[in-house]
Amino acid sequence: MSEGLRENCGVFGIFGHEDASALTALGLHALQHRGQEAVGIVSFDGLQFFAERKLGLVGDHFSNPNVIARLSGSSAIGHVRYATTGNTALRNIQPLFADLWGGGLACAHNGNLTNSRMLRAELVRAGAIFQSTSDTETILQLVARDRSPRMIERLIGALHQIEGAFALVFLTTKKLIGVRDPHGIRPLVLGSLNGAPILTSETCALDIIGAKFEREIDPGEVVVVTEDGIESLKPFPPKHPRPCIFERIYFARPDSIVDGKSIYDYRHALGRELAQEASVEADVVIPVPDSGVPAAIGYAITANLPFELGIIRNHYVGRTFIQPTQKIRELGVRLKHNINRSRVNGKRVVLIDDSIVRGTTSVKLVRMMYEAGAKEVHFCVASPPICHPDFYGIDTPLEEELLASQYSLDGMRDFIGADSLTFLSLEGVYRAMGMESRDINRPQFADHCFTGDYPTRLVDESYDRHQDQLSLLTESA
Amino acid sequence: MSEGLRENCGVFGIFGHEDASALTALGLHALQHRGQEAVGIVSFDGLQFFAERKLGLVGDHFSNPNVIARLSGSSAIGHVRYATTGNTALRNIQPLFADLWGGGLACAHNGNLTNSRMLRAELVRAGAIFQSTSDTETILQLVARDRSPRMIERLIGALHQIEGAFALVFLTTKKLIGVRDPHGIRPLVLGSLNGAPILTSETCALDIIGAKFEREIDPGEVVVVTEDGIESLKPFPPKHPRPCIFERIYFARPDSIVDGKSIYDYRHALGRELAQEASVEADVVIPVPDSGVPAAIGYAITANLPFELGIIRNHYVGRTFIQPTQKIRELGVRLKHNINRSRVNGKRVVLIDDSIVRGTTSVKLVRMMYEAGAKEVHFCVASPPICHPDFYGIDTPLEEELLASQYSLDGMRDFIGADSLTFLSLEGVYRAMGMESRDINRPQFADHCFTGDYPTRLVDESYDRHQDQLSLLTESA
Amino acid sequence: MSEGLRENCGVFGIFGHEDASALTALGLHALQHRGQEAVGIVSFDGLQFFAERKLGLVGDHFSNPNVIARLSGSSAIGHVRYATTGNTALRNIQPLFADLWGGGLACAHNGNLTNSRMLRAELVRAGAIFQSTSDTETILQLVARDRSPRMIERLIGALHQIEGAFALVFLTTKKLIGVRDPHGIRPLVLGSLNGAPILTSETCALDIIGAKFEREIDPGEVVVVTEDGIESLKPFPPKHPRPCIFERIYFARPDSIVDGKSIYDYRHALGRELAQEASVEADVVIPVPDSGVPAAIGYAITANLPFELGIIRNHYVGRTFIQPTQKIRELGVRLKHNINRSRVNGKRVVLIDDSIVRGTTSVKLVRMMYEAGAKEVHFCVASPPICHPDFYGIDTPLEEELLASQYSLDGMRDFIGADSLTFLSLEGVYRAMGMESRDINRPQFADHCFTGDYPTRLVDESYDRHQDQLSLLTESA
Amino acid sequence: MSEGLRENCGVFGIFGHEDASALTALGLHALQHRGQEAVGIVSFDGLQFFAERKLGLVGDHFSNPNVIARLSGSSAIGHVRYATTGNTALRNIQPLFADLWGGGLACAHNGNLTNSRMLRAELVRAGAIFQSTSDTETILQLVARDRSPRMIERLIGALHQIEGAFALVFLTTKKLIGVRDPHGIRPLVLGSLNGAPILTSETCALDIIGAKFEREIDPGEVVVVTEDGIESLKPFPPKHPRPCIFERIYFARPDSIVDGKSIYDYRHALGRELAQEASVEADVVIPVPDSGVPAAIGYAITANLPFELGIIRNHYVGRTFIQPTQKIRELGVRLKHNINRSRVNGKRVVLIDDSIVRGTTSVKLVRMMYEAGAKEVHFCVASPPICHPDFYGIDTPLEEELLASQYSLDGMRDFIGADSLTFLSLEGVYRAMGMESRDINRPQFADHCFTGDYPTRLVDESYDRHQDQLSLLTESA
């Protein structure tokens, strides 16, 4: 199950609305699934920028009207995050801000740069002082040093130097700017509310405030919003689009719309493809909640089996519960999942999950199924084995911790302890996405976790990661 | 949808386990759905009682090992709560504690007394000083004044004076005591973990720590746990059991077991009964998440219609998001629910909810359905109309705020704006519970919200509620 | 030096002023020297009482206008405290409040009852539940149980049962009431601001707000302030006054006026008497700051020696600095005092302190003097040896920890390490207070710490202190 | 009284002691009088730097052993501060830290640069991103950009570009470095504890930990402490020393030693000089506490008048007490000072203060004196009139707010309302400092507040201060 994967961010920006920061807070709340560690908003009131950056959930801090009142102004950008590059210190909470020659620049970034460590080393050698350990600050430092006269030129100058995945929103004293990397690995959409343009990661952040969805930002596109309207730039040499397949399989909210269809529909289709590929005799289809539900519904329909909630999830698990003693740890505390015994006892169960990363939760769920009386447990996964790490903003384990890189299919089945284990084929994924098949020469998705076929160079991977620490400073919050 | 109803509590107690307070914290975490405002634990280490009582979720405070370490001892009781009687001040957070002649007494209470205001007035007149405004303190004050030599006798003396619904756990210097009111309105079960007895509101609190379910406490039973074992007393004149029907319809967790069946099964059966009573032509069955899901699955199977998640719920809504300006309020912000448009557009939808209280959310969801392109919306409710308030620990609105007490069925349908509105019949409910029918003379459940047939006298209702304030003191936390 | 002694409280109450709670906060700030652990204010607005009770200094919490705004109403009482009876838990912070039959009652107490443990045991046996471990709550519980029809009668009924030292202010829905114990051990004065009566511990709390000093409350007097004016009752059989001598020697602020003279003047006179009794050849008179300064000035004038600040005190020592390692502790860190070397080096020094309790600071200061080059150090104390503990609200060490109960005069001198050690005689103290001599049969002061002659019975001392704990409950704040 | 002046900082650094951060905390506690707004410590453990930077007093945060434990390592530097350049935001709390090419650099600064705004503008134009609005960060940015191979060379390169007053301590991965500006305007001393070198602002920070005073750092000296010992560099062209006269008159602690004498002695001498210059018939000498005390003692001895504490100061005034209503403000609340009436009533009073800035407190004290019955009040000031602002780290009011720049001597006397007003002459100050007279060509002190003769250029004063904001960002803490 994909909870071993963690997305690193969601972004939101709005220009020209009197409630800019309140709407940004609501938009970020809708994007909370993309990052739960920290949240920040920067607004601009025509004279000053105002920042609030906090650890925790959006609602922990930004549902306080006093906080919203401090974020005055008619434009704002915001960010929710997990840590990928950089630790969880306060100084890494985005949006980042810099006082540049000619005005302030705030930046919120979803994705991960693959050459930021190398760029950072060069910048530090040239005298740059970094405030954070975030790869995103590299962009600000590059902008700061660009000698072009206009801010937008300096920004594009900086963008030409970075590699990797980046969906960015910037706020200047004059503009809201959105940028999507040349492959469009991370998502970015344009919406509007009563004429005020919005840039955000998913359409669900438009829905929450009743905003209109306009269109997806193109891979490689730079959108510049000013009081005079919206301008679209294409400063990069064109590349073929490869949006991240995991947005569809796991990350995006089921109600978000991508390429004209809901994420729920893509997952439903993955379940249907899986049912066609798998041939399992069973009595009931049970999803691993919540991410396995749409695929399980699709599977059940195709397999003509009853769909039942056989696992109940406790939604109050937010922060980690510490298990204070060895004795308690040995109890195998069921903090997050419990079995709905009456739907499992005596049954041949098809257990549907969206993916397997480390396999630790899968093992536990299968064991709980048998303890609850399941006759057979068939573990069916609505995506292929994950064999390769991501470097574009998904917090994957090290390659050697991925279950699929350690075991053969049989080995994985034995590890998990199920009667059978089935993965959806790569071709099945592409069919579910509406493609005839995967184009080997120009894959339609960033699917490197399954294939090892990365969309960009991985500069920092060859650059020795352990050569230097990003910062010598540790500071408590 | 039953979110207009709020349960007032969950309780947990364990005796004779070295990790008593950690296990209590975990048990309360599993009961978090029963109350999210405040949580408290009192432990006893053979010499001293230790208390921690806090506003917020269990995990906000009790996942800190230092807090657990302060709650030393091998016995502990705990409580999660909503406010019903009394406000949310710190002084009302349970377990309550009193230093009595002969030792300390801690108490955690699920339910509500129907004669506590009258008893309180008498006690104050006689010189009692109340610490809280909670009805539960009345029990402690009665115990304090009883002149019987033994604590258990004083406790039973107090219990004879109170009326209403009460599932209680007490901790003394020697005993863990569980009490369920004569009608068994609120639930209480007995479990054990490696020989350590546990008393708690639902079986899911046993499952989380891998404890064994022993049995339900009988209505009117007093269970006394000491180092010498478990003793069962039946001090009350017998009454016929009337457990609260809303535990099955809405409150209890789907994986909890009541009377040998899972709550999920009861709700599934409610959905099946509903499908048989309702005759709706439709394309898809959509639940109001999360509480409507089991009934919707049952409905879909019986009606032979596809079950789909047409409404996506944002589980990060914990604390209320404040909507700072009029303009934003007018947006009709979709904080909690969004429509999965692709499953609704162009469809005839059966929308399944477990119940309707005020109807405000129902109106909003129906409107969202039409906005998403639904051709027809048939609102089907897996329980009868709620016409009467509860006085036993469910925080119902005033009678005049209940939708069903304001409108006829047609009026309700018009209010909600659906094409049709169907409620499950009272007899349907009883059938789903496995009864042949409701016994008019001795109803098998506390179903007064549907029928107005209350299981006990309502002393405080005749006693003028507005005669006096419970306390003249307001203190900030 | 008297810092081994800690006063237990200061009180303030005002009736009929629109800024009642703000003025109470200011008054308590002026009384901060009487207690720095906790502070509370209760106000009454005609309908409700409002309480704020916090650990820390007055300014930490009550300089916040929001806090003052929450304490609405035109009457208020407040309290600053050290712990004497009872620990520092939140539940012991005064003013205490009780919802009684007939209305609320708030109480703030300076002093200590000598029969409260016995009364508490009787009350608990009779069914009373205590909220705190404070002796003050005994008074509220006695009032609660009194069956007299009028609140003032119930209050006087309770006062007849308590023994010890008590300067009390009460706030009811109608009245502000001040009470001083029959011996007048603890101080209480009456003042007024624009017609609004004020009751408080010292005149300095009147000065801070520009209020007029009216008179001291008589020993045994009960002052009742209502909208109709001020009434004085004398419900107790008359006793001869014995105000606490330590208020003059150490506790009260130097600018407070007692019996027509400033506390500074009394201390100045103690220094002058000391100079006449001591015959020391020396070069300079140096006070132990700040409490020894007035006596040292008096001494220097009489002895015709220069007065110099030879010890510099760091006033930022508020909370205790923890000394993290053994190595650091061995440094003998000078957190609070440093020597002004140039005024000590090569000199014969008279070091003046107001009193000696344990002697630990004295040892340290004498050693620092010699290290700074003092040729001789003559330690002169402006009061007699303290041989007996106090039970009236001064937090004295156990008798066996008092330096003067462990050693002869020579032994004390050796312990302290000074060249000579001189205490002012008891008769010298009385002369400095303006008396001809101490009246052995009816001593004019509560001087039991010097003489062992206690003004009241010590009921709780014979009642076994260790028979029972006041409370079995420990709760973190 | 000099409380209208606020010092901007105290610094402390220690190298090679296992309790480095604890000793730094204690040293800063002794320097608390130099800044009470914020405090920070950075330590280095051989691999990592650790920072803790907080608003509030040293004891509020750094008496917690957990905090000290987090600051591991055998070298540390620390800082207490008032705000001068820059606001009170968290980002301005020192020590500042930067990850530079070649290692980390932490910096704590007492003083103020007079060309930092100009330098900052140049650096920002060249691409530097500033984290703070502090002038101190300019130094770090200059070091970052210097291309010299060794850190110490880069540091000296930066120092050559800055102007103004600076006592600096730096911590690198190898060194503790101390720097005093060429005029030695701000103080810096060298001490040692068991062989571990210490650099700090005043000797009282050595005394608190029992460290040995070695010597004052010379004006223009750079002291480099490494494991191999202490090296002294003199990289600047020599200038004649002009230490700030206000350190002696007001800022330094009375027990600190400067130039072989205690600060107390200098102030005592100022009082003696004042008595010789002033010819006032009077009955008593009363200091404005606490800063006026040493001068008043000196005055009283010379004038052969009794010294008495006629004004009592409340030392619990830490944070500002807000006066919530107009009515209360009109009361003229005496938060900080009260008159000891018995020493004033009917007397001719000489009131001694160290200096007058705005005069607002002086007015109030004189009025309180008369209200307390003073027959005459002669206000004598132990320094000359302050006519000019400071730009070297003392937070002076604008020139037009200085009393002495608004009025003639008679006008000041009338404003203050005293019977007479006397200032010590400039020559008197120099005599009290042990000089024969002020050297007009090479004044021995930075005495520009009296004379307008500034020791350095004031570059930023001609550079338009309002040309740009230092930062466009406002962030809440």
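Per-chain numbering from 1; labels A, B, C and D assigned in written order.
Quick note on the criterion: a residue touches a chain if its C-beta (ideal position, glycine included) is under 8 Å from a C-beta of that chain, and two chains touch if they have at least 3 such contacts.
Here the structure is a predicted model, which is why all the values come from computation and not from measurement.
Trainee: Hey, what chains does subunit A share as contacts with subunit D?
Mentor: Common neighbours, subunit A/subunit D: none found.
Trainee: Going by C-alpha centroids, which chain is farthest from subunit D? Tell me that one.
Mentor: Between subunit D and the rest, the longest centre separation is with B.
Trainee: Using CA atom averages as chain centres, what separation in Å is found between subunit B and subunit D?
Mentor: That gives a centre separation of 62 Å.
Trainee: What whole-Å value do you get for the distance between subunit C and subunit D if each is reduced to the mean of its CA atoms?
Mentor: Inter-chain centre distance comes to 36 Å.
Trainee: Residues of subunit D that touch two or more other chains: which are they?
Mentor: none
Trainee: Hey, how would you classify the chain contact layout here, line, ring, star, complete or other?
Mentor: Shape of the chain contacts: a ring, since each chain touches exactly two and the loop closes.
Trainee: Once the touch criterion is applied, which pairs of chains come out as touching?
Mentor: A-B, A-D, B-C, C-D
Trainee: With touch defined as at the start, can you tell me which subunit B residues reach subunit C in the complex?
Mentor: 47-53, 67, 70, 97-101, 103-104, 124-131, 140-141, 144-146, 173, 470-476
Trainee: Using the touch rule from the top, collect the residues of subunit C that touch subunit D in their complex.
Mentor: 18-19, 22-23, 25-26, 29-30, 32-33, 36, 57-60, 63-65, 68-69, 193, 204, 207-210, 253-255, 257, 261-262, 264-265, 290, 293-294, 297, 301, 306-309, 312, 314-325, 327-328, 331-335, 338-343
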